[in-house]
Amino acid sequence: MPEQNLAAVKSALSEQRIETPSWAYGNSGTRFKVFAQAGVPRTVREKLDDAARVHRHTGAAPTVALHIPWDRVEGAGAYAALASYAQERGLRLGTVNANVFQEDDYKLGSVTNPDPAVRRKALDHLMECVDIMDATGSRDLKLWFSDGTNYPGQDDLRARQDRLAEALWAVYERLGSGQRLVLEYKLFEPAFYATDVPDWGTSYAHCLKLGPKARVCVDTGHHAPGTNIEFIAAFLLREGKLGAFDFNSRFYADDDLMAGAADPFQLFRILYEVRAGGGLDGTPERAAQSDEGPGIAFMLDQCHNIEPKIPAIIRSVMNVQEATAKALLVDREALAEAQRAGDVLGANGVLMDAYHTDVRPLLAEVREEWGADADPMAAYAASGWAETVVRERVGGQQAGWGA
Amino acid sequence: MPEQNLAAVKSALSEQRIETPSWAYGNSGTRFKVFAQAGVPRTVREKLDDAARVHRHTGAAPTVALHIPWDRVEGAGAYAALASYAQERGLRLGTVNANVFQEDDYKLGSVTNPDPAVRRKALDHLMECVDIMDATGSRDLKLWFSDGTNYPGQDDLRARQDRLAEALWAVYERLGSGQRLVLEYKLFEPAFYATDVPDWGTSYAHCLKLGPKARVCVDTGHHAPGTNIEFIAAFLLREGKLGAFDFNSRFYADDDLMAGAADPFQLFRILYEVRAGGGLDGTPERAAQSDEGPGIAFMLDQCHNIEPKIPAIIRSVMNVQEATAKALLVDREALAEAQRAGDVLGANGVLMDAYHTDVRPLLAEVREEWGADADPMAAYAASGWAETVVRERVGGQQAGWGA
Amino acid sequence: MPEQNLAAVKSALSEQRIETPSWAYGNSGTRFKVFAQAGVPRTVREKLDDAARVHRHTGAAPTVALHIPWDRVEGAGAYAALASYAQERGLRLGTVNANVFQEDDYKLGSVTNPDPAVRRKALDHLMECVDIMDATGSRDLKLWFSDGTNYPGQDDLRARQDRLAEALWAVYERLGSGQRLVLEYKLFEPAFYATDVPDWGTSYAHCLKLGPKARVCVDTGHHAPGTNIEFIAAFLLREGKLGAFDFNSRFYADDDLMAGAADPFQLFRILYEVRAGGGLDGTPERAAQSDEGPGIAFMLDQCHNIEPKIPAIIRSVMNVQEATAKALLVDREALAEAQRAGDVLGANGVLMDAYHTDVRPLLAEVREEWGADADPMAAYAASGWAETVVRERVGGQQAGWGA
Amino acid sequence: MPEQNLAAVKSALSEQRIETPSWAYGNSGTRFKVFAQAGVPRTVREKLDDAARVHRHTGAAPTVALHIPWDRVEGAGAYAALASYAQERGLRLGTVNANVFQEDDYKLGSVTNPDPAVRRKALDHLMECVDIMDATGSRDLKLWFSDGTNYPGQDDLRARQDRLAEALWAVYERLGSGQRLVLEYKLFEPAFYATDVPDWGTSYAHCLKLGPKARVCVDTGHHAPGTNIEFIAAFLLREGKLGAFDFNSRFYADDDLMAGAADPFQLFRILYEVRAGGGLDGTPERAAQSDEGPGIAFMLDQCHNIEPKIPAIIRSVMNVQEATAKALLVDREALAEAQRAGDVLGANGVLMDAYHTDVRPLLAEVREEWGADADPMAAYAASGWAETVVRERVGGQQAGWGA
């Protein structure tokens, strides 16, 4: 690779930011069991402490997504204080995730509930989330609705879309300058018959009507088997409607394994389409300050049910970086030429060439250049942090899904 | 059920028209083998002869979809003559299906091919299909593109969308008054990596840009496992973008079994959403003459690889009718009340009540009222047609996929 | 249908017993939320009270499956007392379900855990379950292992099979006369990379080595998409290795919806194969006392996350009965003749004829003949039980998964 | 990696043999279209000529699988002559594939057909295949049955198993010393309701009853979505019942893409389990001459519908080799230690370390050591063979599926 191109690859890698989710630092599990781990944070501040370790070692994870109410702080100036706390640790508060699925009222849905009182309550919560964004300076409101039905006939599918559209519109109108909403879709779970936003088409159709501040959020674990996720990414980029990724991986359903763990080739293909569609050209920060660039948020959204959480997150950040590095190494000119020529094996070969490259040395070099650790996993292990938190975080209530 | 409601059910049933596909009368098969059947048509006229038998016995299948070039007829006035031939048999020519997948030129795609010469050729064919529609008086042009890629990197996913949009636009502009295009989607096969129109979202996004004459065609066998098809139907109806159904059924992929054979409950749920969305309120004929009603075309698109074709088509028509009858029997008021009350089991029960009803006697009655046979399968078997065609259709080239 | 045949159908229906699971009476949910319901049992005795209502109205659910430790009772003679309590309510204690997935020790597996101490603990629990069977007189020990791995490389797949075989052998040796073990399989969840007993083949292979007291348990929600469950039932019956069904239904994964709710046609096909394979010829009771008959246990294993639990269980029992009734109505002679003749449509038609029949009147009649309610749903609703338990079951800890 | 270990890796790589299928050199396609390619072989000898090029450049593909009747040669001594022809080109004739799916008689099945005359015909063909094995010296008879049904009720599932068992037994009895049968399974296609050998469990159960000469053949494209293929490989190796692999890859169903093209990580995981289970310890040749080693046949079974066939096969051979090399590089000791310690991330890390390694330089080195080309793709492209066959293979009938 020519020196000049390599410099561009390194530059793009150094600009990529991967947001980590506050909830991934806490306990999680399946419906069968949540296994507690020693040293897990008990407060949002302790989650930020952990996130700061991830950023220290990787240099690539400066923002942390919040989940409300899990990360709610009370009192005047509480979010500003939280933002300061983050800043002192080299972090910023990122996307605000609304949660309208963990109260008994939401049994039959939140914004699509047949009961208008429940819908109002849910909408109030969404509005609170925008208030919090105002306080934290977050750009994105992420909306994932668990809303749906378990049995045919349980509710009117179309009426639920009407209610959804109404709530989305109310939130959209409330968004301030520089704020966006990203609408996540998911095929199933916890709804087992019909989910109200089950696929990208549904999210896209709603976002299109809402306007430019509404974008689709692609969670890589939320599709039917066989779905070509990179196609969706490419399509949405072409439409200017790709807002965010929730990275994680799966062998079966929404397994929420570490990004890149189940199908590293798929992650590479997705990131190649992101690159090809210009999605690596503008960092979210840059996009937040101007209208340039696609402004795609790269986030992790995963659960570390059995593995230690901090190193799992470090590994995931690295996996996204490795896939990105490979995507950047694809020789676009050679690829375009083979494609034009209808050279199936040649074009595929150009792509695979980049994928087969071992990019770990390159990333080690890049990390050192930007002051992080060449080997973040080893550096974290050597840091003693894991032992410290086990020793110090005793008593209190561990953070976890719903906590 | 009150007498008045029953009359409405009967009336709706008597208005439903199910279009049969000319190709289903010919031989078909898998890549492993096409099994020939005795008596299979050798010409489009013989296909119409068979279709007339289906309509005679069911009274519900007056139109026949054509596939070009399989059903191409040559010479001045040839299509008008074909239309007359159909009319003499009580039929009309229906949807025109373009075929841009069975020539060697289309190996790497038709309208999305990287080679502009191939794209031009494909577009010419699409334009020819509209010419044929002018001659036959058909309302709908059905576009299914097998276009896609088999290997990552083989072609540029986004560029292919650009080419697709360009071709669609050209066709759309060419459509005459009262003509529509319906854009079909399919997850995979024959493309095995990325299909250019893989899902309803892609079809919807293109149709939305094209305008009101472009609608989505839902083939019930073209989805990823687990996809909720009735949700898609409900969503598209709400958007005014549902144009047509290609009915068939499947256990696995695009198996193209008889409609309703693999999952009769799913077919019922789909038709219930069609009813709930107003999709049974206007027949295609009515919609073609005015702007009233949704104008959804109900078509079969299936293959009878091992079973005799005419009775298989009769059975499929009956299956769609039975599912429709059950959908019409759903007590909408009771359902709405249970839904409003959040009564999960009650609402589901109302739906299931209709599904569990044996509607065969009702349909027998309705058929007799409109002059068809109470038991179309038995009537066909008794008619001697199967024996006649075996005896008479000797020599020549049997019709089949590609023939 | 000839009078004589109808009598046989009724007789078979009256002999079918459907076991209900104690845990289905308690709260359940997804990893996102467990929604509590008013009036839910707080003790195993209250679960039996509820089960007695199901049996009273349906007349077909006289046994209740226990889950240990959820239903553990302490003290000398405690299980005998529980059995008496059941008996006084017209019930018997049924299958004992071992639970080796809800303690922190089992994070990396139970009987396949790399740590021998954990394996020993798990085995001790299995042995305790057989002790309980001795006390309750239960015939079957149901073994479902959540054991598996989330990440490639996490553990040695083959070594885990060795450990599994060792534990199974120890349990098998411990079984008393008239006792059996049924080994359940499940594709995934909670393990997301490799489950140690993921499919029927694995369960079958282990059971075959163990001997005649070991049989496969088929949970209808535990398969990969597209799996033909009735084929598995037919195959295992042919091999004499089908031990039990866990009925429930799903649209996506292990959704645990009410049996028959998602795909009633599939449930019918399964029960038809059970009938065809002789699986309805012997009730479990009869089989327990002799070697006659296949001795298949028909159990429900499902979760009622959003619907009221008792009527949901009643509905599920009715759904299994309706599917069974339809299976019994299949005209076996006509079917065999059409099959012999290679008459694809004819043979399919014979099957569908039975499926399309509305068997609800027949079942109402049969229920009244055996002294249950013609309409169990209505009878339960009218009984006032739901209101009673809401009023009386106040305070204490509601039963639920893990409780 | 210590010098000594590297030598072992190289040695294992140099012993791996990958059999190529004669039919992959001919045209293939989907049910929609078979695209013809210039220069495609017209005879089995020309297929061998092409296979010889693959072996020349890769040094790893010395045997060619035959498909009967596609590769049938007539006359006394015809197969011996064919074997000589192969030998002169450095090849041997490999597995004999029976084909009982491409005649009209097989519409409703071959060995499981309800018609005994068809069953007899099919069995005769299988016997002929063993005769051919006698003549060619092939070790393995590969049996894939397309047999199954398209509609519920079409035939008796259990009776079909009886017929299958009878046919298998007859073939097994006929096998000579040193001969084996490998029984392939496939979920669906061309049967769309129930396939008679749909999964590994069915194949395993039959092979177990037959005896030691019967083994399971795992085609990597023949599973339900989500199936963990490496688990099956590990399980069958533990049981001594893994006979062969048919390598190919897929994104959706039985796409028959180039091995390793769709999910290279999966191919690596499969080959890791093969290695861990001792499956790389004995080459088929060695196993054929003795009872040592597992004797697994590594075969390609794929279709090159749109890409040029010879380089596609070369690429596939290389993909299998690369996956094997990575599997061999896994540090088994470090892995076992991490597994014992329950170190989830550590154990996964050991595996991923090998996967992320770029093994192309190593394989280039190994190839040169054994006299093949360091870069087989480039060497083939430079050889002029593609141009030669296009020029010379004019006229006649191109080979293809069914030809």
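Residue numbering begins at 1 within each chain, and the chains themselves are lettered A, B, C and D in the order written.
Simple rule for what comes next: a residue touches a chain if its C-beta (ideal position, glycine included) is under 8 Å from a C-beta of that chain, and two chains touch if they have at least 3 such contacts.
Quick caveat, the model's predicted, so the values are computed rather than measured.
Asker: What clusters of chains are still held together by touching when chain B is ignored?
Answerer: So the chains, chain B excluded, remain one piece.
Asker: Looking at A-B and A-C, which one has the bigger number of contacting C-beta pairs?
Answerer: Between the chain pairs A-B and A-C, A-B carries more contacts.
Asker: Please work out the Cα centroid separation of chain A and chain C, and write it as a whole number of Å.
Answerer: 39
Asker: Which positions in chain A touch two or more other chains at once?
Answerer: Touching at least two other chains: 108, 150-152, 187-188, 193, 225-226, 228, 251-252, 261, 265, 306-307, 344-345, 348-349.
Asker: Chain A touches which residues of chain D in the complex?
Answerer: Going through chain D, the ones touching chain A are 225-226, 228, 251-252, 261, 263-265, 306-308, 311-312, 315, 322, 344-345, 348-349, 355-358, 360, 377.
Asker: Could you please specify the touching residues of chain B with respect to chain D in the complex?
Answerer: Those in contact with chain D are residues 28-33, 35-36, 101-104, 106-108, 146, 150-152, 187-190, 192-193, 225, 250-253, 255, 257-258, 261-262, 305-307, 401-402.
Asker: Tell me, which parts of chain D touch chain C in their complex?
Answerer: 108, 114-115, 150-159, 161-162, 187-188, 193-195, 198-202, 204-205, 208, 223-228, 230-232, 234-235, 237-239, 265, 269, 273, 276-277, 330, 335-336, 339-340, 342, 344-345, 347-352
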